[in-house]
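Please find one structure pasted underneath; my questions will follow.
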Amino acid sequence: MAQNLINAVTLGSLYLLFALGMSLAWGTIGILNFAHGSIFMFSSFTCYLLVQHIALPMPLMILIGLVVGAVLSVLVQVLAFEPIKRRNPDPHRAELQILVGGIGIAGIPLAVAQHLTKSVPFGYSKSTFEVEVLHLGPVQLTNVQLVILAAALVLAGGVGWWLRSARAGLALRAIGVDAEVAGILGVNRRRLALGTMAVAGALAGVAGVLLTYYLGSIAAESGDAFLLKAFAAIVLGGIGSVGGAVAGAMILALAETAVVTQTSGMWVDAVSFGLIFAVLLLRPRGLFGRREVRRT
Amino acid sequence: MTDWFDANIVLIQSTFVSLLLALSIQVPLRAGVFSFAGIGSYGVGAYTAAIVTINYEWPAFAAIAAGVVIAAAIGYLLALLLSRLGGLYLGMATIAYSLIFSVFVINGGELTGGAQGLFGAISDLTTGGVIGVTVVVVVLLALSERGRIGRRIAAVREDPELAMSTGVPVLAIRQLSFVVSGALGACAGAMNTLLRSTVSPDEIGFQLVVLALTMIIVGGSRSWLGAFIGAVIFTWLPSVLEFVGDWQTVVYGVLVALAAIFVPGGLLGVLQQGYRRWRRRALPIGGTA
Amino acid sequence: MKIARWPRPATMLAGAAVLVAGLTACGGSSGAGTSGGGLPQTIKIMSIKEMTGAVAFAGTNATKGIDLAVDEMNQQKFLGESKLEIDLKDSAASPQEAASFATQALSDKDYSAILGPAASAQAAAVSPIAQKAKMPVIYTQAGSNGVLAGDYTYRVTAPASSYFQLAGEYLRGKGVKTAAVLYNSGNPTLAELGQQTAPQLGQKYGFTITSSDGVQTNAQDFTANGSKIAAANPGAVFVLLNGPQNPTAIMQLRQNGYRGEIVGMTSMGAGNLAPAGQAAAGAVWPSDFSALAENEGAKKFVEAYKAKYNGETPNNYAAEAYDAAWFLARGIKEAGSADRSKIQQGLAKVAAAGFEGAEGKLTFEGNDLRVQGVLAGWDGTKEILVQGTRS
């Protein structure tokens, strides 16, 4: 029981790192980035390519993943989403175009990775890191799990504090409430948007590297599976809220673990989809969402 | 010519099926309803047709009708449940519905064939039948795009409050779009299953959502014509890209991304703009230079 | 009501559509046609394989096996002066594409047979078309029902359940009394193995199935399953998952303290366990082919494969496709003609007699292959042979 709890919290931490950036971008600058999953996978893949040649230690791998994720995310923002927003002043149209643009772009890193791996999973067996299992009474914990929990705590806590206290964080929240007014008040929207996408990408990159260490290997298609779960977590928790992302990710992970251990594992996906549907039906703004959901 | 027709019959049939699938998303979009329930309806139609054909040997049109009726009913139910949602939230809720359906179908045991899916749905559906149904649908939709009906639907999309105040039945039109979307999606799914004689869970997953969206965005979301352009392109593109070899998926992704960024009105929008510019040049207005 | 102004755009569109369609109408005209008796100079075969996409691994390796076989038979002049020409089409894991290529092959009189795709969904879409048009099609992999739709469809990959008793014998030898099953419920072959074959083996070889957990095709996290199974501590675990899932599941099992036997499926081969490294040492799996097998057919195949492909070791996908290509060649030789129905008769005769190939002694039950099977294993760094074929 306690073991399951620890495993579920670890899974939830990974979901959190992945979903947090996405929720932030969506809640503040209104960008739902469908390429997020691909960025997540490709950051991990880049680390894999590097580690094939040089045996790198885990902290460095995480750093590389972070940087690659940030860079990719910013590139997507500059090359795709900004032009779309420029050409589509109507926010509804822009949303749709960004969605599809993200889908199109998501295919590119996926295809590159598939081509180079021939869809065989890739892992970091050549890294200097060794998995160690620690026994604490009735439960066991691997050092990977510790790193994941620590990373989630630090990064999510950091982002939450920053949004609440730092000037740039407040400015970002202002954009989320009303972009026009924020602009009039002197907020540099473009710079903050780029920063937000960079942070989102960085978080995804870290999540990708950690997931690969945790599972031992991932495949090129692994990014898209995470995308749908991230939706569930974000919708459940409420868009644009760090606390919401934490709650959503943890609840999702706990629910999935419960389903796997109590029933057959075949209904796991139904949990995330069902949650999305149920939340949108009953409480569209999620648990901690503050923005009012657009009515008809 | 008939040789080419025979050799490519699968792609030709697929174009019409894809057109109906694209329309199942485009029609609600026209009314401002961001619903992907058409994809779930595709699955409902596909499996219903397979089940009644394999188990009860219903003729093709009866099987298709069965799927359409069930999906339309579900569409109405969704309309009632999700009436308060808008924009991307509605989109996500309907995507969730479509994906939940595929999970159900995988776990459906004997009835849905589980992971294997169903095979052996041999039926008397001809290409002519498929084209006939599609043409009828398109004609009806084209009629609904002009005149009073067209303007009313556009009003519901652009400014629902104003539309309501001028007496346009906004709620009814919205609910109708859900029902029509369900019918169209199911029609596409049922016809595809009866043509291919098989259906499996992988066919009705998330990639259908992606396919339908890209067809509409690249083709143009304002009219059935855009959906047609999108259907033609995305059915025949893999064959055209074959010579690119290993990198065809990259090229595919790049094309979709470029279309989304640079061509917001879709190819239809480009063609219409070009046409208008041509007309303006050909017919000078007012005084000479 | 305004008359629509769209005739112009519509005709532009129609023109564009015809143009695009014209670009793809390659090679549709009928060629020299096949004569009644005697083999023509070139015998054209269409090979529909997944060369890109999620199962590219199967398609690319199968193609290597086919190419090797064709090289050999052309060199040996197996079909006299006639040469086999393989036309490779990438179906990219889409049943639509596969069905479309098959239809193209049918309408083109130059094609004598089809070497079909590996994915069950694609194969099930191709089979009714091929059977109806009386075009011989030979599949590898494609393990679900509905693939063998009649006497023109053959499958040269033995169903895993037909040689899975090797696992039962192994477990009995190890004195295993309890076993858990972890299977991929989204894959027809694996689901059948998990839900039916494993319990049947249990009855025959003296162990009981204590738990049976299905997971989804895209499941990546097995910590919950791993800890549940490890806590129950059965003597063996059947790990029946896709290639990418295997190393993860095994690592999770071991990390949760599980120390018993691990039995898997062919998807553990081809180096798929490398990411798990030492954690997977001791895992075994029944397979239809191992590069280390002792029988003559396998040894010759491995040697020829390494010579052609720079020392690369072949895997079961390549071996199966190699045998499929040779099966086709023998069928053509038996028929003495490139005519489709004669080839089908030739294939039937070859199938009845059986022959020796890369997978050892090959016999057919109906249109479905049967092999002796081998028991392969992983020693922590590479694949080993635990038990060879009993020939």
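Residue numbering begins at 1 within each chain, and the chains themselves are lettered A, B and C in the order written.
The definition used in the following text is that contacts are C-beta pairs under 8 Å (C-beta built on N, C-alpha and C of every residue); 3 or more make two chains touch, one makes a residue touch a chain.
Since we're looking at a predicted model, the values are computed, not measured.
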Chain-level touch network, classified as line, ring, star, complete or other: complete
Chain pair showing more contacts of the two, A-C and A-B: A-B
Inter-chain centre distance, chain A versus chain B - centres from mean C-alpha coordinates, in Å: 30
Rounded Å distance, chain A centre to chain C centre (Cα mean): 36
Residues of chain B engaged with two or more neighbouring chains: 106-107, 246, 249
Where chain C touches two or more other chains, by residue: 52-53, 185, 216
Multi-chain contact sites of chain A, meaning residues that touch two or more partners: 111, 114-115, 266, 269
Touch list for chain A against partner chain C, complex: 3-4, 7-8, 10-11, 111, 114-115, 118-123, 125, 131, 133, 140, 142, 211, 215-219, 221-222, 225, 257, 260-261, 264-266, 268-269
Chain B to chain C touching residues, read off their complex: 3-4, 6-11, 14, 106-107, 114-117, 119-120, 122, 142, 146-147, 196-198, 200-203, 225, 228-229, 232-233, 236, 238-240, 242, 245-246, 248-249, 268, 271-272, 275
Contacting residues of chain A [partner chain B, same complex]: 32, 80, 83-84, 87-88, 92-93, 95-101, 103-108, 110-112, 114-115, 224, 228, 231, 235, 266-267, 269-270, 273-274, 276-277, 280-281, 284, 293-296
Sites on chain B touched by chain A in the complex: 32, 34, 81-93, 95-97, 99-100, 103-104, 106-107, 160, 170, 174, 206, 210, 213-214, 217, 221, 246-247, 249-250, 252-262, 264
Chain C - residues contacting chain B, complex: 1-2, 4, 6, 8-10, 12-13, 16-17, 20-21, 23-25, 28-30, 51-53, 89-90, 92, 94-97, 99-100, 103-104, 107-108, 120-121, 124-125, 128, 144-146, 149, 185-188, 191, 216-217
